[in-house]
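Everything below concerns the one structure shown next.
Per-chain residue numbering starts at 1, and chain names A, B and C are given in the order in which the chains are listed.
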Amino acid sequence: MKLKRIFTSLAVTALIAALAGCGSNNAASPSGAKAEGGQDAYPKKPIELIVPYAAGGGTDAVARAFADSANKVLPQSIGVVNKTGGGGAVGMSEGSKAKADGYKVTLITVEMTTLPPLGLATFKPEDFRPVARLNADPSAITVKADAPWNTIEEFLDYAKQNPEKVRIGNSGTGAIWHLAATALEQKIGTKFNHIPFDGANPAVTALLGGHIEAVSVSPAEVAAQVQAGQLKMLAVMADERLDSFKDVPTLKEKGIDLSIGTWRGIGVPKDTPDNVVTVLKDVAKKVTEDKSFTDVLQKMNLGVSYADDAAFKDAIQKDSELFAKLVTDLGLKK
Amino acid sequence: MKKVDVFVGLALIILSVAAWITASDFPAVGDTDVGAGFFPKMIASVLILLSLVMIFSSFRRQPGNEPETGAIPWSKTILGFILTFLYLALVYFGGFYISTPLFMICFIWLFGYRKTIPAVAVTVVVTLFVYLVFEKVLQVPLPAGVFFE
Amino acid sequence: MEMLLSGLSNIATDPFALILSVVGVAVGIIVGALPGLTATMGVALILPMTFGMEPVAGLLLLSGVYFGGVYGGSITAILLKTPGTPAAAATAIDGYALAQKGLAGKALGAATLSSFTGGTISILILMFLSPVLANIALEFSAPETFALAVFGLSIIASISGKSLVKGLIAGMVGLLMATIGLDPILGFPRFTGGIEQILNGVPFIPIMIGLFAASEAFKSLSEMNAKEKVKVKIEKILPSWPEFRNLIPTILRSTGLGTFIGIIPGAGADIAAFVSYNEAKRFSKDKERFGKGEMKGVAACEAGANACTGGALVPLLTLGIPGDAVTAVMLGALMVQGLQPGPQLFSNNGDLVYTLFIGMIICYIIMCLMGLLASRYFAKVVEIPKQILTPIILVLCMVGSYAINNSFFDVVIMAAAGVVGYFMQKYDFPASPIVLALILGPMAEGQFRRSLALSSGSYDIFYTRPIPLVLLLLSAITLLTPIVKAFWQQRKTARR
């Protein structure tokens, strides 16, 4: 039994070495250190995609759809591995500390920029080299359909006149939707009564039941009830209106310069060589243009939003600064 | 009285007091919330109370009422513990596929089961079953071992 | 009615969907039976495979895994005291006691029939009463859910086993452990010592595996005797009619409770199983038999847990809100199939929805048949020599706790819980209160503090609303009855 395994692994090693020999002139070093000189060698073996959230969730869906589409264009397969815990901290921390050879890439999310200032992570946003953004969803202010406010102005006026009266549900203290709501109250100069829930769905349930006045979660999480006419979306915190909710204005249109939301993308450890990033970036671009990928996201009401490494890096930088300031202002740092 | 009950009770009281002290530094923000320390402190207090009840009732109980636990072959238990922890360590370093057959064969042999064919068959079947269910059907990776990563 | 008939004919003419239901149920039972792999995880992991399938086929595959997963946990719980799912931790209490009496086959049979009855009735309720019941989900705000959690915790008193004090202590230790990690309102890390892995709380499933399965394996170490040959006669699997008739009130009561608890957001099969167990005991004339091998204990847990499936689908399909982790994954599955759950689902896709309902009932029938056929062979597991069974259980404990988060940290936690659980057994500290406390502790604290946030700090919210008031009073009765009784008994013996 054991002997057989050794033989098998020897055979496999020999095979890999032989295959590697075709690509580069140094057959004996599959570790990648030498292969950096030999341009197009990456990827030579399957790639592991770390997902910092549990199987079955939105982030997992994006990751698996990405892997499926990427497998069509990559010579090697991408395997999804869920490393959950710490609200994303465990998976992203492992991803940031991985060997910088491009065989362990991470599905990074906006929590990459919120966990460090909250003092809940052992990594820094700078530990990652962003490769490409795949998806982005803004925060949306949603109220019950029979609520007295029909526009975002009416809602915000009421909130200004009645500080701490408007109960606004979010997916947890320090989570992105909480930060979005606090950024909004700072901008307009009032106070909400923030009610943290254990995820976005319970917050939406409480809104449906009339136990709170509004939620600040993403459009995807309220889409079903908005389409059914039970809830109404008053505004989104995006740069432009969403394709799926053309009638809903952005806060920017209303003169409030605020654009906050979640995003998901591919990241690698910061010392990863350029050739690897180039390959992955191209793959990500092709994936976001692939119909099977966009279909999955569309059906789940998630927004496809590609950004290349440079643009993604800028966006992350902006978010990092914004959230670091917000967290300090709110005294949320642990 | 049962010595174990007294010992466990005292240990729990120490633990609860430690938890209580740690929890009193937890923040409470705003005037509507009871704060992060409220529940841990409350639970710790009840635990102290219950531990005291257990300690006192163990003094009150009549001796001889409890059946003696003795007569346990400790050697086998200790052997089993050691084997299990060696196995877990081996999985961590060497991965699932090397450690599992080794552990199972050793275990079965050391605990006195001496029919070679069923022992090997069970080992192979279990390893294969786990491989199929986890890696193939559910596509959950099994520990590869830090040596091979 | 027309919808139902067309649904029936749709299913009958779709052999692929039927085959997938069978596959789904089989995978579900295996996933459920293995420690660590829960129904949620099974559904989540099978989900990507359904992306390319037709809606009915894909969704029935997932339903099969879901139903099979909830039921499968009972098999290992009864035979090996290794609950595959948290809900089965309740089944293990009486199921394992029955197996030790040599009644493993009959316990498995009763579990199968109860799961089938509970599940099927709950799907029928889902089919006909969804619109009426969906509003219950919306009535349950923070104070209601808090009261439900407290009620669940009061059950600790009735599952304490030999010593009430030790049961309560185990429960309190569980509650204290449940406070580890980020606190539910402020997000402050409590007792974490900077360990990222426990920021979201101690890993619950590895602890459960350790306390039940690993500790039982450790216990059997000292019972190994090469010569001893356990010969268990596998009696009939199907309970006799009088035996089953005796279980019917329990099964029906548990089905009602399970469906109701399933509808409530945030409460799932685990809570349903424990509550059903407690009520079965409350209504029984022979309370002493519970915990020592009472068939009603098994039937209650299984009917309650499986009835939860139909209940949990009520708010999901009618309102588009998932009440627990499994239905959250099912929500994604429906959406990927282009079905938007919510009030419009029934009007837009009525035909498909009723086809699904019929398919779900078929899944339950398949599960029942498979369970009854296989129970005969499953029951033989108890004949396997301990020298072979014990290492298998230990291997499965390791793999199961690793697979949840792909983390070796969880394996270490499992092993530690196993050692602690071993000594707990030895000194009569029951393990199930810890499991119950770990499930309900975070819920109780989070909802309590959320209630106060909603009411701006006023405690009126807990007693001015009918549901919390009733539930809190019931909890007080459940908790105090055994305590008063124990106190009385002590007085009596002291006087003698």
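To be clear about the criterion, contacts are C-beta pairs under 8 Å (C-beta built on N, C-alpha and C of every residue); 3 or more make two chains touch, one makes a residue touch a chain.
Everything numeric in this text was worked out from a predicted model, so none of it was measured.
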item: Farthest chain (mean CA position) relative to chain C; value: A
item: Most centrally placed chain, judged by C-alpha centres; value: C
item: Computed distance of Cα centres, chain C from chain B, in Å; value: 22
item: Separation of mean Cα positions, chain C and chain A [Å, integer]; value: 32
item: Whole-Å gap separating chain A and chain B, where each centre is the average of the chain's CA atoms; value: 36
item: Shared interface positions of chain C, touching two or more other chains; value: 41, 45, 185-186, 188, 406, 453, 456
item: Overlap residues in chain A, where contacts from two or more other chains coincide; value: 81
item: Touching two or more other chains - residues of chain B; value: 29, 139, 141
item: For the chain C and chain B complex, residues of the former touching the latter; value: 27, 30-31, 34, 37, 41-42, 45-46, 165-166, 168-169, 172-173, 175-176, 179, 183, 185-186, 188, 190-191, 218, 221-222, 224, 226, 385-388, 390-392, 394-396, 398-399, 402-403, 406, 408, 411-412, 415, 419, 426-427, 429, 445, 448-449, 452-453, 455-457
item: Contacting residues of chain C [partner chain A, same complex]; value: 40-41, 43-45, 47-48, 51, 137-142, 182, 184-189, 196-200, 265-266, 315, 319-322, 325, 328-329, 332, 335-338, 340-344, 405-407, 446, 450, 453-454, 456
item: Chain B residues within the chain C interface of the complex; value: 2, 4-5, 8, 12, 15-16, 19, 22-23, 26-27, 29, 31-36, 39-40, 43-44, 46-47, 50-51, 53-54, 57, 69, 72-74, 76-77, 79-81, 84-85, 87-88, 91-92, 96, 100, 103-104, 107-108, 111-114, 118-119, 122, 126, 130, 133-134, 137-143
item: Chain A - residues contacting chain C, complex; value: 54-58, 60-61, 64-65, 68, 81-87, 89-90, 93, 118, 120-122, 164, 167, 172-174, 193-198, 201-202, 204-206, 208-212, 223-225, 227-228, 230, 296, 299-301, 332, 334
